Amino acid sequence: MLGIFFIGAIVISLLIFLVNRRGLTTVLSYVFLASEMGISIYAALNINTVDTRYYSFDALGVLFMMVLAILSIATFYHSRLYLIRHSFTRRQESIYYAALIMLIAAMTSAYFAENIALMWVSIEATTLFVSVLIIHERTKEAIEASWKYLFISSVGVALAFMGILFLSIVATKGGLSDLSLRNLLTIAQEMDTNWLKIAFLLVITGFSAKMGLFPLHTVAVDAHTVAPPPISAFISTTLMNVGFIGIFRVFTIIAQTEVLQWAQHVLLIAGILSIAMSAIQLLRIRHFKRMFAFSSLEHMGLVAIGLAIGGMGYYAAILQIVFHSFAKSSLFYQIGQVHSIYKSYWVKDIGKYFKVNPAGGFALLFAFISITAMPPSGLFISELILIKAMFAGGYAVIAIIILLLLTVVIFVFGKHLFSLLYGETDSTVNVSKIKLNPYETISQYVLLGLVVYLGVAPPAYFTDLVHQAIAILN
Amino acid sequence: MDYILIILYAVSLVYFAVAERMSKFVVILSMQGFILFGVVFFSLNEIEIFDFVFILTETILVKAMLIPWFMNRVRKHNQLKRVHEPYIPVFYSIIIVILSLGASFLLSNNLQNAQLHTKFFTVALASVMFGIYFIVVHRNIFSHVVGYLIIENGIFLFSLAVGSQMPLMVNLAVLLDVVMGVLVLGIFINRIGDTFHSVEIKNLSELKD
Amino acid sequence: MSILSIILIIVAAVFFPGIIGMMKSLVVGRKMPSIFQPLFDVIRLFKKGSIYSTTTSFVFRLAPLVYFATVFASMLFLPIAGERGLLTFDNDLVFFAYMLALGKFFMIIAAMDTGSGFEGMGANREALYSMLVEPAFFITMGSLALFTGYTSFYDLFTSVQINTDFSYIIGISGVYVLIFIAMVENSRLPVDDPRTHLELTMVHEVMVLDYSGFDLGLIHITSWIKFSIYTTLISNFLLPVDWPLGFQIACFFLIQAVVAGVMGLLESFRARNKLDKNPQWILMLSAIAIVTFLATLIIAEKIVLN
């Protein structure tokens, strides 16, 4: 089934790229979206089966795939609005859509891959397609950020590959090296611990460029700043999930051995440093998209800490990553709309947004509440579980430090967002001439509503899925 | 025979430390491709014939010819000549490359693992370490791509060291990495060269808070 | 007969610079000088008197004699064609290297003795280059010693077996490194240009700038013998010991001529390195020597790789 999906995706994107017609592009995008929904439903129905020899629909993959499917619809919708508002040539538009479709296909492959080498190949493929998307606006900053992202990501992913090779050293039995997860999980106990440690370090360093953890987080931040807003929304959520799944798979292997304690300490350090970096740098930021990118960094740090704590921490980490995807993407979509009115992302240029666009302003306010983890947001639930687990696990001091750092983040966020909504500005944009479509903000309300719903009153199916995803760790 | 090739590979790493012209980088990369071809030819006799032929063609075509040719085109397009003074003088780079070679040889002496072919592990590790050092020390993006390719050669040697039965997947991975990576990187270098009229990284520092 | 080696080396030394000069003029297209021309120059110098500057002391007068004596003494250790040198004992290759260094040391302090700024500069550079090339020599010889298990020249060269294909690496890179060491130690291109008359760019020539007459002749002879010594080492690397004696002597002269010809070619076609690139060029020799040493470690199974 997945094979058909991938071939279809390649065909569709090639068609869009070669035949430059808008009508065909729209039709094919709908076809692709429909097939994507189809695949996620199919995967949900056939959980834990093997498909196309190297893929398997495990619980975490299904969860992330659903997130991807929902966000794809929103991204396609906002991409259309974005491309219409800024005049791009038809060629550039078709490249955009073709790359976006291939990106989604590569991410699907990464979520479901059961063979670690295949997962690695998919992650590498996502790097390439994302660079094409980041450079879309062709400004000098876009070229610079795109180059840095592509290069450092490639080097990082190459290092991660070295880690996977080390894993396969210890996975070889009878001269046959089988890198499928089933095999690795069963022979995890017999692996030499030194190789495992080095492999884990390399994998974390390599995939931290994708996930946005310390140490290679800077390129992710740069990339999110210059990409077009719908793409920023997409990559700062679903692509970080890809990075997470890469680290998670190796972590599940480590969890079967005695290296678990050490690995959790490493993750703890990485998480704390990410949050610290984010809090410190946020104090200087005056650019909205960069601010949101650093906030993604901070949430990923919390996810890493969740993995490091264990027990309830695992549950909190998965919840956090799912809710963060929805909340962060709605922030980016709305800031895209803000940009189309004010033509700028800098704090000093934007003000009194509430008067101009009440629907959008309200969405931003709601999103602010969600992302800074205030109730009734689902992120509040996940962070609460995380802090509780930290206190219960004896990490009280670290919990207090994290809470202090989070306070800094909330402060900066609040300051700038409220200046956007209510503040005075000497911007010279004549806002009365802008035609606004309040129906654009419906997507954000839906996403934010999902965050609340899944957090406060999650359906049994959702909690079951999350428990299944972390079952392997216990 | 493979010991000779490994020593030749180590000598090529020393030449990378000494070389200062971009065209020399490309020539040494091509040489490394041929050495890797020889390594594969002489040592991989336990895998299936299809995998073997695939790896052979990949090494000789892609690593030894296609990529150096492409890098040469990029170099000519941007008219790159010499490497401007790197952060660390060449004198110390030579010392560092020798230290990394010595360290990796000593390390592989102490490794006992029946699955690992330590003779490849030595230069593989030295290659990766030196590639990272190369990227850090040089100041323009062409050299960065050359450093990336050195790392890739090292990883290829790692996969030789690890697998007696090399799964096709691993090789596909390296192939995809190298070809796609270098093609896209090369296109980017051309774009950057056209926009900024220079390939030094001090032009790429605009993105700040 | 051990006296054979001394005779052979001196004979080769006499012809060596002649061949270089002939090769250089052949390439350029001039009429070739006679092969004995350098010898005639030295004989002319011997007939002249010496002038000594008033700022110099006894060191200045002593240095050429010490230089010649040390090089001559080092020459006595070299085996040729399976015959041992006049002197041989264990670890004599260290003695050899430091005898040469002693001679160079005296030349350096004599250069500084003149009190001239140029010569001080030249002495400075000469000292640096010798220091950088010393590891290359010792490591190459050391890897050979590790390979055979002996440490004296005679035992070394008579028991080296270059038959497996891996040990060709040691042979080839040993010859390669020795040729370049010969170039550095004798101050030829690309390290130092013997024809340059700009004192700022001289290295060795400026050290002997103030000598005249007998001293200068002695220094010229000494540099020829040094060249011949290194070429003898190279031929020892290349020639197997079990060939018949006459054949080996013929090959010895052939190798001397070939090396001289190659030097002449290199001098005609290459420019001198930029002076600040010289240290890294010389260090590269040491680097290649170290790689050879690692190869020897693998052969001698000090490093066990599977």
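Letters A, B and C name the chains as they come in the text, with residue numbers starting at 1 for each one.
The rule we apply is simple: a contact is a pair of C-beta atoms (placed from the backbone, for glycine too) under 8 Å apart; a residue touches a chain by one contact, two chains touch by 3 or more.
Predicted model, so just to flag it, every value in this text is computed and none were measured.
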| item | value |
| --- | --- |
| Target subunit C, source subunit A, minimum contact steps | 2 |
| Chain whose average C-alpha position is farthest from subunit C's own | A |
| Chain whose Cα mean lies nearest the overall Cα mean | B |
| Geometric centre distance via CA averages, subunit C-subunit A, whole Å | 66 |
| Subunit B-subunit C separation of Cα centroids, rounded to whole Å | 37 |
| Centroid spacing, where centroids are CA-atom means, of subunit A and subunit B in whole angstrom | 31 |
| Multi-partner residues of subunit B (at least 2 other chains) | 116 |
| Sites on subunit C touched by subunit B in the complex | 165-166, 168-169, 277, 279-281, 283-284, 286-288, 290-292, 294-295, 297-298, 303-306 |
| Interfacial residue positions of subunit A with respect to subunit B in the complex | 115, 117-118, 120-121, 124-125, 128, 131, 135, 140-141, 143-148, 150-151, 154-155, 157-158, 161-162, 165-166, 168-170, 172, 175-179, 192, 222, 225-226, 281, 284-287, 290 |
| Touch list for subunit B against partner subunit C, complex | 1, 3-4, 7, 10-11, 14, 17-18, 89-91, 94-95, 97-98, 101-102, 105-106, 108-109, 116-119, 122 |
| Residue ranges of subunit B touching subunit A (in the complex, touch as defined) | 46, 113, 115-116, 128, 132, 135, 141, 144-145, 148, 151-152, 155, 158-159, 162-167, 169-170, 172-174, 176-177, 180-181, 184-185, 188, 191-192, 195-196, 204, 206-207, 209 |
